Structures are given as structure tokens and as C-alpha cells.
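Here come two complexes built around subunit A, the first alongside subunit B, the second alongside subunit C.
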Partner chain A sequence: MDKSIKELHELLKSGQITSEDLVKESLKKSHEIEDKYNAFVTICDDATEKEVTDSLVSGIPFGVKDNYSTKDVLSTGSSNTLKNYVPFYTATVVQKLFDAGAIMVNKTALDEFGMGGTGTTCHTGPVLNPWDKTRMCAGSSAGSACAVAAGVYPFALGSDTGDSIRKPAAYCGIVGYKPTYGMLSRYGLFPFASSLDHCGVLTRSVEDAAIVCDIMKGKDECDMTSWDSSHIHLQESLTGDIKGKKLFYIKEICDLENYPNANEELKAHLENFNKTLDLLKEAGAIVEKISIDQRLLNAIASVYVVISCAEATSNMSNLTGIIFGPRSDKQDVFEMMKDHRTLGFSPLIKRRFIIGSYVLQKENQERYFRNAARVRRLIVDKMKELFKTYDALILPVSSGPAKKLDEDKDIIDKNTSVLEEHLQIGNFGGFPSITIPNGFVNDLPVGVNLTGNCYDDENVLNIAYTLESMMPYKGQIAKERE
Partner chain B sequence: MKKQIAVIGLEMHCELKSNSKVFSSARNSYSEIPNTNIAPLDMAFPGTLPVVNKKCVEDALKMSIVLNCKQPEYMFFDRKNYYYPDLPKGYQITQMTNPVGTCGKIEIEVNDQLIPVHIHDIHLEEDSASLDHFFDTSNIDYNRSGIPLLELVTEPCFHSANEAVAFLEHMRRVYQYCDISEADTKKGQIRCDVNVSIMDEDATELGTKVEIKNVNSFGGVHDAIVYEIERQMKLKEEGRYNEVEQETRRWDEETASTIRMRSKVDAIDYKYFVEPNIPKYKISKEWIEEIKGKIPRLHLERKQDYINNYGLSSYDAEILVKDKEISDYFEECLALEIDAKSASNWITTQILGYINKNSLTINDLYLNPKRLKDLIDELNKGSISTKQAKEIFLKVIEEKKEVKDFINKDNAQISNKDELTKIIDEILANNQSQIEEYKNGRTNIFDYFVGQVMKQTRGKANPVLTKEILTEKLK
Partner chain C sequence: MNKFTKEMVDDYAEKLLIGLTDEENKMVLDEFEEIDRNIDLINEIPNISEVTPMTHTLDDFTFELRPDEAKESIPIEEALKNAGATDGREIEVPKVVN
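Right after this comes the complex of A and B.
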């Protein structure tokens, strides 16, 4: 299970292993990982082998984040409000993988409904980092990142509203990719903030990410924001040639001098980033440093909080316990709803609901919600303007390797806030964005992110693929630090 | 106290016809059996998404055009957020920032006078589920959840209950003519909110507005307005107008009164924002033109046409336009060059009488305009009498045959002058004494001769011709 999709497919095709072997191994591994890192909500012990066909994923096990609706399999969103919810329909992207012959072996834990960046607010408890159990995986796709990094299977589904695929990927030393908004249908993904939510995948190589998304993508009659991508072939676009490609990075984020109080981890992280840039240049790409109005960058975090909390407040108003989820035994219907929500949601979520509700109130909406939408537009316009000149934006992910579990939790450090939050740009614009591992700091993995213009997924993946091939981290499995 | 005038505004919700619901694939159909027409979205299962029904948008645009509203450049929707057990998503998808129509104006007829009605806006939204309350439980039926609704909001431009109800009746007919709703209040397809205030006749500022929610019949609208005007007037007369509060009340059928629900101070903040799951959709000029082409001539225009250009009475014209199918039938008759008045007479008496008695629609009737034309032609030729025509009318319908099948020698009218003269001569020869009396001034005996002719011919003599010949002979 530590192999790539293509390698596994060849072994299956040649009869050296069977789908049954893979499922058994993956389930066994799931239980081990669950015991060690608490990565799963459900392990599908009744999962069975499937026929091996020409589809690369056929017969191969995979994981699904627990905020995807899966028919007849518990789907909780890692929330007590849905702790007993078994859906009767399967999300479009999951169904496409089923149809291609892939086998779901578990449902992975997440920050409750994706609303968190630590992987510690799941109703089943925190997910631990497979490289170092005292550290977090980041979130919200914590369980998926943990399991792929630990070698439970070659890929798992994630979702990404702010950086929920791309940050855990960095912290776990793997690849995390969210395609352009609408390339993957969101039908069946429990919504957090609809205008920012993306489906995506966590893998151990760029090629695997391309393979899985090639299968999942496509226009879906059930999602009006999905579009026809039949002309896009991700795997085929991985040529390894990026000569003449133009990339940019942002001075206000990447220069060490922006961080007068930088610790050793941050220094090493940025230094490592610069080495990565050199690799790109070696491959024939042009890499330029550009400057962006600091005020725009500083606004990213607040724009994200305002828009995501507002949409979340509304999106999660269906969670009343009347139709699904544990129903309160209160007599009055409004008391029932109140009881369900009071007991069901974690304090973090409730805080976000209050923010969301506040910024949508008539008297506040113009000042907060609408202004946030305007600033979002300014940021996206700025990026689109840059994408006229450049093929992609390259930036370091986070301010270093995975954080300690007992350190800050979702508390924004003013000094490095932009470094922590810039991946949200990819959600503001619906841009294709991929994180790949680019080395180690303190023996812990760190990641680098590439983001390109909408619909330019092939280009972005090819750059990531080329860069990946110049570094020794492709396919790496987490090794726990003593 | 100065003379008071009432100022009334209406919000009219009308359920639209469509195959599927406005944002889900469940059937849009009235059903007595709860929870039979539902899709996962209608119960807000996590992860479901709305998909806009294009037909509903088209119908909404149709109404926007009919009401002479401005249409927006882009179509998009908003969420109206509030918690209620009949609202599974916790928000209703509606249109707040960018309704499908704004600033409209139409004319309606009230007591044969045309009055203008100003439309604030019309917007497309989804209906909520319905609740049935019992002694200690309530049941939720999701059949209605997601059914397309058009909400029409007028300016406060009515001054009496009659005007308001005339508008509702006018609109009901417009919906039916455009075939976008059955507009049946009995099925709860039309529901209204009513705003009522009173003011001094010469005042420039409106009085305190009271909103009456969820009035579900036109009679209810009428009675609620009358009740509310009286209530407010009485308070004003007694010098207690300050007790009229800006509030929401409801119409209680049983007590025939309005009952306070909540004050405006407790108004809900619906926290509207644009629905992110439905991309903005450009409404092209071509589409608008295409929709315009699908709008039929509406009842008021038809009625005026019938009166002014076909010489019908207002009364008959009103009967003909009451139902589009009947009006279409009438217009088909005109196209076949049937005389307008005969067509109108036949439709308003025989045809409507027959279909009402037998619970049919005019389109079910075997006697189509072509057959009606055959019948009227025979009558005009004089080959059948009016009485016979009425008999043939029934026979054609009941035996599903052609008019000509019932026109034969036996029952053909005797319209041959020579033949009739021969019969009349014979009768006159046998009634010499009566001829004497007639000539001596007993002219009312004329009918006796006619009667004799009819008796002799068993009613088949052409009555006009008979009278003509008799008059000549008795000179």
C-alpha cells in the first residue's frame, strides 16, 4: 500500500497481487493507524475486493473524508450533530470512483464540518501527525492526510475551503490538490462555505492526484457550479517540461526580513523555499519576485473569516435534529432545535456561527459581509492580472512544519498571519492549487504550493510534477520520530 | 374627523405549474398523501444542491413582461435565513436584490372602470413544507417544500376591499391565461398578505401600516380588509389612533377578525445574501423576445375587442373571457366566420349550459367550432328550425356524429315557397269563416292560421316564410 496507483495497477494486472490482498492490507493498516493517530470515524470492515479493469484505480482501496455523503455508510462531518447519520445517497465524486472500481475502506476524521485548521476538533478527538505524535496534522482534512502519509492507501478524498487539503498535505509530507472551482462536483459534500468549498484529493505523488481527479471531474447535473472539463486531461499533461514557464512569488510573504522575530524553523523553512526556487530555474523556468500591496495581503484572513462564517451559518441551518441527526426530546420544536445545536456543536463552531450571524445582520452587512466580498474581488482581480503574465504563483506553505498539539489552536499569530493564510487566495478565486513536499525542517516535512489561473489545471500540475521529479520526496511514507 | 381613505397593498403568492420543483427534481404536483413528492434537497439532506428549473424562470419572466416590469440583466437568487419547522434548509431561496421584475404597471377593471395598479416587484422563490397541527403533535408534509412560487408585491395603491379583490381576480385570470398556474385557492395555490392603513383624505403621508399575513381566500382578503379598516377607523374616531401599531396580524376565519401576531419591533432580520450555489445567469434579449411571443392575448384586451369590434354586450363578453378555453373557442368561431353574435349566443347559453351540467371543459366537447358552424349554417339556410337546431346540437354531441347526419328529408324544414303556398291555400279554403272574421278586424286570428299550417306540416314549415305567404294571401 506504499506504492503509487500506477504501480499497484500493474501488480494487479499482472496478477502478482489481488484486489483482495490490497483491501485486507489496507483495512489492517487502517486499524493500526486508528490506534496510533485517531485518523478515522469509520473503518469499513465489510469492504470487499472489486474487479480489476483498465481503470487505473480499479481494485484499489481509498479513503473518504467524513464530510462526503456515502450511501449506507455513516457520514458524520465529524460532528455530534450528525453522529448517527447514515445517508441514502452517495456524493457524485465518490460515486465516480466507485464506478471506476475503487474501494472505500474508511471515512476519515476532520475538523467538525471542515471548520478548523488543526485536525483537533473532530467529535472523535484530535488526529495526530504520523511523523510526530505530539504534533497536529493541520486540518481540516486531517484524517485523510494522516492515512495517505502513513501508507494506508495511495489516495484519499479531502475538501478545501481555506487550505484544508493543502496545509495538512504539507504537514504530513504528501501532495494535496484542489482543482479549479467547479471541475469536481460538490454534490454530496457537506457544505461549509459554498462559494469557497472545493473537493480535492490527497496523494503521495502529483501523477496520482492527476489520475484521481481525471476520474472524478466532469459536469454534474446536480451541481450548477460544475462545468464541462472533457477537454482537460490532467495525467496526459504531465510532460516534465517547464522550459520558459513563468512563475512568481510574493516578496511580502517570502522575504525573511518581513519577520524580525523569526524563529529557527521559519528561517529554515524560507531558506528551503529559496532552494526550491533554484530547482525551478534549473528546469528552465523563469521565477520572479513581485510585490503586492501589503494591505490586500493583510486583509486575506479577515475576508476569509467574514465570508466563510457567514455562509457557514446559513449552510448549517439545516442541522436541527428534526429530519436527521439525534433528535432532542424537548417538547417545543424551537427548544428541540436549540437543544440539538447547543449540545451538538463544538464551541469553535458556535463562535464562528456567531461571527457569521453578526456580519450578515442588516445593520452590519454592508460594513462586514459586503466589504469582504469587495476585497475578495480586489484580491482575485489582482491575481488574475498577474496570471496574464505568469503561469503560476509559488509560495511556501505555512510558517514551518507541523505545530505542536499543545501550542496555539487556531489562534492567529500576527507576525506570520499572511504566511499562514495565503492559501485562501486559491479559494477566493477558485484557482487550481497544489501542495507538494519540498523537504524537511527539524526532521519534519514542509511543503510548497503552486497556484495558477482558473481552468489552467494542466499547466499547474505539470509544473508541480516537474518540480516533484527534481526532489526526493515523491511517494514518501511517514516515519514516526522517536 | 376628516374623511378617511384606506390605503391597501397586496402580496400575492402563486404556485406555478411545472413538471418538477423549482430547485429539485421532485414532481411538482398536488397530492393528498404526505411526503410522496420529495427529493433529498426538499428535506435539506446534507450535501444536496439547488438546480434551477428553467421553465419556472421562463414563467416568472413571462409574468414580469405581462406586468410591464423591468427585467434584470442577470438572474440570481438570495437566501432568506430563518428557523422554522416548515423550512428544512433553514433558509428559503428567493429573490431580494434582483427580482425577476420591478416597477410594473397594469390596468384592471373595477365596476366597468379601468384603474391603474402599480407593481413594486415580482420574484421567484420556493414554497415551504406544510404543517398539520394536532392536539399534542404536529406533522410536517414536505410535498410542498420547493414548489415554485411567484410572489407579486403591489404598491399601496388600492383604496377598497373591492379593488383589492378585483386585482386578485384579474391576476388569477392572467395566470390561467398564461398557463403558468391553475391559481386554485382551494388547493392553496394562491396565498396573500395584505397591508392596510388609513389616512385623512387630504393627507400626504400614509398612516400606520398593519400587515395581515396568510389570507388564503379572496373572500378572506375582502373580509380582512373591511375588518381592519373598520378597526382602525374606530380607534381613530375614538381619538385612540396611537393604538394602531405597525404590526403583523393574522386573519382568523372562525372569529372573522384579525389577531395580533407580532410587532414590527420584533421583525425578523432575514440576513439576506446571494445564493452561492446558483451561478448568475444572463438573461438574453432573444430569450425575452421568445417569451413575449408565447404570451397570449389576455382577457381584458379580448373583452374590449369583443365589445368594440364585434358589438357584444359587456355582459356576454365578460362570460366569454372568463375562461381562456372558452374565449379561444369563440375566437376560433370568429376565424371560421361565424357571426359573432350567434357564436356568442350559442356559447353563452347552449354550450356553457351543457358543459356545466355535464362537468366538461369546452375542449372536451365533441361539437367543435367547425361543427357549430355547420349547425348555424343550416339554421341560417332555413333548412332547420331553432328548435331542431337545439335537438341536433345534443345529438351531435351525444352520438358523436356530424351535423349533416341529422339533416334529412323527414325533418327538413319546408322552405319551398310553392310547396308551402299549396298547403296554405288548402287550409284557407277550409277556413272561410275565419277569413271573414280576420278581414272584419280580428287580426289576432292571424296566429290561428300559422298554427294550422304548423299542425298540417308537423312543425316543419319555415315560420318566416309561412307568415310571409299568409300576410300576402289575407290582404
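Right after this comes the complex of A and C.
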């Protein structure tokens, strides 16, 4: 299970291993990882082998974040409000993988409904980082990132509303990719903030991410925001040639002088990032530093909070405990719903609902919600203007390696907020965005992110693929720090 | 503009059918203070009020209507499986209107 999809496929095809062997190994590993890192909501012990066909994922086990509906398999969103919910249908992207012959072996834990960035607010408890159990995986796709990094299987599904695939990928030393908004159908994904929600995948190589998304993508009549991507061939686009490609990075985010109180981890992380830029130049790419209005960058975190909370408040109003979810024994219908929601939601998401409700009130809409949507427009327009000249934006992920479990409680920190939150730009504009491993700081993995213009996924993945091939971190499995 | 107060937080929570502890109430106010500071900065961006708010993620998003064809739907029994109390083809709730 520490191999790539293509390697496993070749072994399966040649008869050196069987799908049954892989399922057994993956389930055994799932139990070990659950005991050590608390990564799963459900382990599908009844999973069985499938026929090996020409599809690269056939016969291979994978994981699914627990905010995807899976027919007849518990799907909780890692929330007590849905702790007994068993869907009667399967999400489109999961079904496509089933149809291709992949085997779901577990449902992975997440920050409740995807509304957190730490992996510590799952109703089953915090997910621990497989490189260092005292640290977080980041979130919300914490269980998926942990399991892929630990070698349970070569890929797991994630979802990404702010950075929920791409930040856990960095903290766990793996690849996390969310394609352009709408390339993957969101039908069956529990909605958090519909204009920002993306499906995506966590893998240990860019090629594996391309293989899985090639299978999952496509227009879906059940998701009106999905579009026809039959002309896009992600895996075929990985040529390893980026001569003449133009990339930019943002001075206000990447220059050490912006952080007068920088700790050693941040210094090492930024130094490492600068060396990565040199690699791109070696490969024939042109890399330029540009400047963006600091006021726009400073607004990113608040724009995200305002828009995501507003959309979440509306999306989650159906969580009443009446049509699904554990029912309260109160005798009054409003008391029933209040009891269900009060006991079911964690403090973090209660906070987000209230902020969302406040910014949507008629008297507050202009100052908060509409202004946030205006700044979103300005940020996206600026990026699109830059993407006319450049193929991709490259930035370091976060302010260093994984944080200690008790260090970050998802409250905006004004000192490094831009560095921590800039991946949200990818959600504002629906841009294709991928994180790949970028080495180590303090023996812990760090990541680098590439983001490009909408529909330009092939170009973005090829740049990531080329850069990955120049570094020794492809396919790495987490080794717990002594 | 009215400042967001503890009482307002409780009022919104009540409307959302959510009960809050004092600690949870304070967390809302603390985070909101930071958001408010940043929103003040947003208001300093020149001509911000003239920018059209972004509503769709993709510029070229188009609505498409599906053909109006009846399709097989999920059996009622399946749809009711997750409800805490049911009565025949319906979900049962305590009496709402006296």
C-alpha cells in the first residue's frame, strides 16, 4: 500500500498480488492507524476485492472523507448531529470510483462538516499527525491526509472550502489537489459553503492525483455547477517540460522582512521556499516576484469567514434531528430542534453559524456580506489579470510545519494570517490548486502550493509534476518522529 | 452602527435554535472583533461600494434547464429510514398547532 496507483495496477495485472491481498492489507493498516492517530469514523471491514480491469484504480482500496454520502454506509460529517445517519444514495464522484473498480475501505474523520482547519473538532476526537502525534494534521480533510501519508492506501477523497485539502497535505507531507470549481460534481458532498466548496483528492504523487481526478471529473446533471471537461486529460498532460512557463510569487507573503517576529520554523520554511524557486528556474521556468495591495491580502481571512459562515448558516438549517440525525426526547418541536443542535454542534461551528446569521441580517448585509463579496471580486480580478501573463502562482503553505495540537484554535491570528490563509484565494476564484511536499523543517514536512487560472488544470498539474520530479519527496510515507 | 453585544449573540443563537454557554458566547465576540477590524480596513479601499459583489465562482457560469422528464425516485421507505419517528408514509412530530 506504499506504492503508487500505477505500480499497484501493474502488480495486479501481472498477478503478483491480488485485489484481495490489497483489501486485507489496507483494512489491517486502517485498524493500526485508527489506534495510533484516530483517523477514521468507520472502517469498512466487510469491504471485498473487485475485478482488475484496464482502469488504473480497479482492485485498489481508497478512503472517503466522511462528508461524502455513501449509500448504506454511515456518513456523519464528523458531527454528533448526524452520528447515526446512513444515506440512501452515493455521491457522484464516489460512485465513479466504484464504477471504475476502486474499493472503499474506510470513511475518514474531518473537522465537523469541514468547518475547521485543525482536524481537532471531529466528533470522534482529534486526528493526530502521523509524523508527530503531538501535532495536528490540519483540516478539515485530516483523516484522509493522515491515512494517505501513513500508507493505508494510495488515495483518499477530501473536500476543500478554504484550504481543507491543500493544508493537511502540506502538514502530512503528501499531495493535495482541488481542480477548478465544478470539474468534479459536488452531488452527495455535504454542503458547507456552496460557492467555495470543491471536491478533490489526497495522494502521494501528482500523477496519482491526475489519475483519480481523470476518473471522477465530468458534467453531472445532479450538480448544476459542474461542466463538461471531456477535453481535459490530466494524466496525459504530465510531460515534465515547463521550459518558458511563467510563474509568480507574492512579495507581501514570501519576504521574510514582512515578519519581524519570525520564529526559526518560519525562517527555515521561507528559505526552503526560495530554494524551490531556484529549482523551477533550473527547469527552464521564469519566476517573478510581484506585489499585491496589502489591504486586499489582509482582507482574505475575513472575507472567507464572512462568506463561508453566511452560506453555512443557510446550508445547515436542515439539521434539526427530525428528518435525520438523533432525535431529542423533548416534547415541544422547537425544543426538540434546539436540543438537537445545542448538544450536536461543537462550539466552533456554533460560533460560525452566529457570525453567518449576523452578517446576513438586512441591516448588516451591506457592511459585511456584500463588502466581503466585493473584495472577493477584487482579489479574483487581480489574480485573473496576473494569470493573463503567468501560468501559475507559487506560494509556501502555512507558516511552517504542522502546529502543536493545542496551538491553533481556528481564531484569526493577525500576525501571520495572510501566510496561513492565502490558499482561500483558490476557493474565491474556483482556481485549480495543488500542494506538493517541499521538504522538511524540524524533521516535519512542509508544502508548497501551485495555483493557476480556471480550466487550466493541465498546465498547473504539469508544473507541479515537474517540480515534484526535481525533489526527493514523491511517494514518501510518514515516519513518526522519535 | 450597533456593536455586537453578548445579548445580541444570545438573541441570534436563539433564532438559530442553538444554546450557548457563556464561554461560547465570548468566543463569538472575540472572533467578531477581529473580523470587524478587518471590515473597517475593507471600507478604506477606494470606491469599494462601486464594485459589483461576486456571486458566482465562475465568470462564465450559465444556468441550464434539464429536460422536464419524470425519473424514478427514491422509495419512501428508504427516505424515511433516518427519521426518528414515522407514521406510514410520513414523519411524525409532536403536535405543533393546538
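Note that in this section the second predicted complex is superposed on the first by the 482 of 482 C-alpha atoms of A that agree within 3 Å, B and C clash if a C-alpha of one lies under 4 Å from a C-alpha of the other, contacts with A are read in each partner's own complex, and residues count from 1 in each chain.
One rule holds for everything that comes next: a contact is a pair of C-beta atoms (placed from the backbone, for glycine too) under 8 Å apart; a residue touches a chain by one contact, two chains touch by 3 or more.
Keep in mind the model is a prediction, meaning the values are calculated, not measured.
Colleague: Quick one: classify A:225 as touching subunit B (first), subunit C (second), both or neither.
Modeller: The answer is both, since A:225 touches subunit B and subunit C.
Colleague: Which of the two partners, first being subunit B and second being subunit C, lies in contact with A:391: first, second, both, or neither?
Modeller: neither
Colleague: Would you sort A:420 into first (subunit B), second (subunit C), both or neither based on which partner it touches?
Modeller: neither
Colleague: Which partner does A:311 contact after superposing on A: first (subunit B), second (subunit C), both, neither?
Modeller: So A:311 only meets subunit B here.
Colleague: Should A:360 be classified as contacting the first partner (subunit B), the second (subunit C), both, or neither?
Modeller: Touch partner of A:360: subunit B, not subunit C.
Colleague: Touching A:327, do we find subunit B (first), subunit C (second), both, or neither?
Modeller: second
Colleague: Identify which of subunit B and subunit C touches the larger number of residues of subunit A.
Modeller: The partner making contact with more of subunit A's residues is C.
Colleague: Considering only the touch criterion stated at the top, classify A:89 as touching first (subunit B), second (subunit C), both, or neither.
Modeller: both
Colleague: Please work out whether A:295 is in contact with subunit B alone, subunit C alone, both, or neither, and reply first, second, both or neither.
Modeller: In the superposition, A:295 touches subunit C alone.
Colleague: Taking the superposition on A as described, I'd like to know which of subunit B and subunit C A:337 touches: first, second, both or neither.
Modeller: Both partners, subunit B and subunit C.
Colleague: In the superposed arrangement, what residues of subunit A touch both subunit B and subunit C?
Modeller: Residues 85, 88-89, 195, 221, 224-225, 313, 320, 322-324, 333-334, 337, 357, which sit in both footprints.
Colleague: How about subunit A: which of its residues touch subunit C in the complex?
Modeller: So the residues of subunit A in touch with subunit C come to 84-86, 88-89, 180-182, 195-196, 221, 224-225, 227, 295-296, 298-299, 301-303, 305-306, 313, 320-327, 331-334, 336-338, 341-342, 345, 347, 350-351, 353-355, 357-358, 367-368, 370-378, 380, 411-412, 414, 428-430, 454.
Colleague: In their shared complex, at which residues does subunit C touch subunit A?
Modeller: 1, 4, 8-9, 12-13, 15-21, 23-24, 27-28, 30-32, 34-35, 38-39, 41-45, 48-49, 51-59, 61, 63-64, 66, 74, 78-79, 81-85, 91, 93-94, 96
Colleague: Could you list, by residue number, the parts of subunit B that touch subunit A in their complex?
Modeller: These residues of subunit B touch subunit A: 40, 43-52, 79, 81, 83, 85, 88-91, 138, 140, 269, 271, 273, 276-279.
Colleague: What residues of subunit A sit close enough to touch subunit B in their complex?
Modeller: Subunit A residues touching subunit B: 68-69, 75, 77, 82, 85, 87-89, 91, 186-191, 193-195, 221-225, 310-311, 313-314, 316-320, 322-324, 333-334, 337, 357, 360-362, 365, 369.
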